[in-house]
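One structure coming up, written as structure tokens, with questions to follow.
Note that the chains are named A, B and C in the order they appear, and that numbering of residues resets to 1 at the start of each chain.
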Amino acid sequence: MEAKRSLLAIFLLLSFLSISTAAPTRKTRTRKPCKSMVFYFHDIIYNGHNAKNATSAIVGSPQWGNKTILTGQNHFGDLVVFDDPITLDNNLHSKPVGRAQGFYIYDKKDIFTAWLGFSFVFNSTQHKGSINFAGADPLMNKTRDISVIGGTGDFFMARGVATLMTDAFEGEVYFRLRTDINLFECW
Amino acid sequence: MEAKRSLLAIFLLLSFLSISTAAPTRKTRTRKPCKSMVFYFHDIIYNGHNAKNATSAIVGSPQWGNKTILTGQNHFGDLVVFDDPITLDNNLHSKPVGRAQGFYIYDKKDIFTAWLGFSFVFNSTQHKGSINFAGADPLMNKTRDISVIGGTGDFFMARGVATLMTDAFEGEVYFRLRTDINLFECW
Amino acid sequence: MEAKRSLLAIFLLLSFLSISTAAPTRKTRTRKPCKSMVFYFHDIIYNGHNAKNATSAIVGSPQWGNKTILTGQNHFGDLVVFDDPITLDNNLHSKPVGRAQGFYIYDKKDIFTAWLGFSFVFNSTQHKGSINFAGADPLMNKTRDISVIGGTGDFFMARGVATLMTDAFEGEVYFRLRTDINLFECW
């Protein structure tokens, strides 16, 4: 009699569990990151005079633009490719821990905003592997969220959100982005 | 005795469950969306005469192309950057609920097909946040599926599939895409 | 009495389970792929003389570059759009099973490295649907890992890692990439 009640309880428990596992995307998932990291990266755009130091260059531009000066109308249409040093603090001259590689395209005439596709590539004792990012970067906002769309090596199958903040901006040649990475899927 | 049988049942249940949770990717997952939305976006390509209304511009082209007219050979090689209004219906003049920002590249000589990387950016009472997309867009197909690769804000960590349909096409200047978004991972 | 102990055990089990399901990203997940595939794709870059055979073309270049010859400084800044045949073996003349469509941008001055955004598009009896990729491709490494960021059709909601290997390289016109795809999320 007691055992029957116990087995009934187990049966109910089992039914409940099979429902919850059959629909894994229905659950409210925790929003606590499984990994958090902060990095800075430093972009020096080629302007015709700084080939030695430049870490990025304009490689596409609209009909009215050119490739040595960012175009008017909030740079709408300029495509910039970059290979920027990543540092742990906000000092351009700190030892890089990796490279930020990819591109951004200014995509709006009225205000500064860009679309980013890039990777953080690490090959040090601290981190090996890459983190891949994509998303819209409305530069006039103090913080902007983009997606971590995947990762390899130490960041195998990572997903999450990266919050970008413009940490410094000098003329139209140098800018520094603080990147707060929060991963919500870690393997 | 009865209790032993109950404990055995619990043990077996526990074993079964630990197996199923150890391999979360092996489960057959439900294909029922956790969120579905329909939007339209409107692309007006700069053609040398419509700077005021244009929402997109050619910023890369092959050696034989230029930046005011889409290239022959099915526009192969044209890179277009856009910042298009998103509406809830198919009327270009409806109040926009957000902006579709990013790029497409025509990537085939024989037929119209493109590769897309873009975001829907929302900042209204209805939706705040962004949805990020990537994928191939074989334009000659009535419907084309691309991936939702991430999201932020209201669409935090979203994944899914977006089905694109060309809803209108006028000359080589205006087109309107219907986008049926189905999310299968919601947080 | 016995039943009470059983119910206590069930309660403890339930507590344990609700903790583990409330934090699905905390689990150690299996790294055994749910699907593995090997493909080759073949890229023939337009060089001004091979319009008939070329499967890719330079569509963006830095200020010092042009669109018929890959630029010096490890092609830094060249943006290439491609529509390449995919084959099951390493023979360019084998019957294609799909097309690799998208772009790469050489993003570093010191060594060959690129950023890739592309899709495998299948429409055969064997496979229907697409696999979307993004990531950094440091070409000088024997193997390079990029992310599978999504999929459609037969590859609905796929996630994983693709390992690229340069299988052949002839001058600066032809190269062949072996792509080992390992999916770790299958639906």
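In this text, a contact is a pair of C-beta atoms (placed from the backbone, for glycine too) under 8 Å apart; a residue touches a chain by one contact, two chains touch by 3 or more.
Quick caveat, the model's predicted, so the values are computed rather than measured.
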item: Chain copies touching (subunit A, subunit C) - same or different residues, decided at half shared; value: different
item: Subunit A on subunit B, rotation in degrees - Cα superposition, rounded to nearest 5; value: 120
item: Where subunit A and subunit C are represented by their mean Cα positions, the distance between them in whole Å; value: 18
item: Subunit A, residues touching no fewer than two other chains; value: 2-3, 6, 10, 13, 17, 21, 24, 29, 59-60, 79, 117, 134, 149, 184-185
item: Subunit C to subunit B touching residues, read off their complex; value: 2-3, 5-6, 9-10, 13, 17, 20-21, 24, 27, 29-30, 32, 34, 46, 48, 57-60, 66-68, 79, 81-83, 99, 101-103, 117-119, 121, 129-130, 132, 134, 149-153, 156-157, 184-187
item: Contact set on subunit B toward subunit C in their complex; value: 2-3, 6-7, 10, 13-14, 17, 21-26, 28-29, 31, 59-63, 65, 76-79, 105-109, 113, 115, 117, 134-136, 138, 145-149, 159-161, 184-185
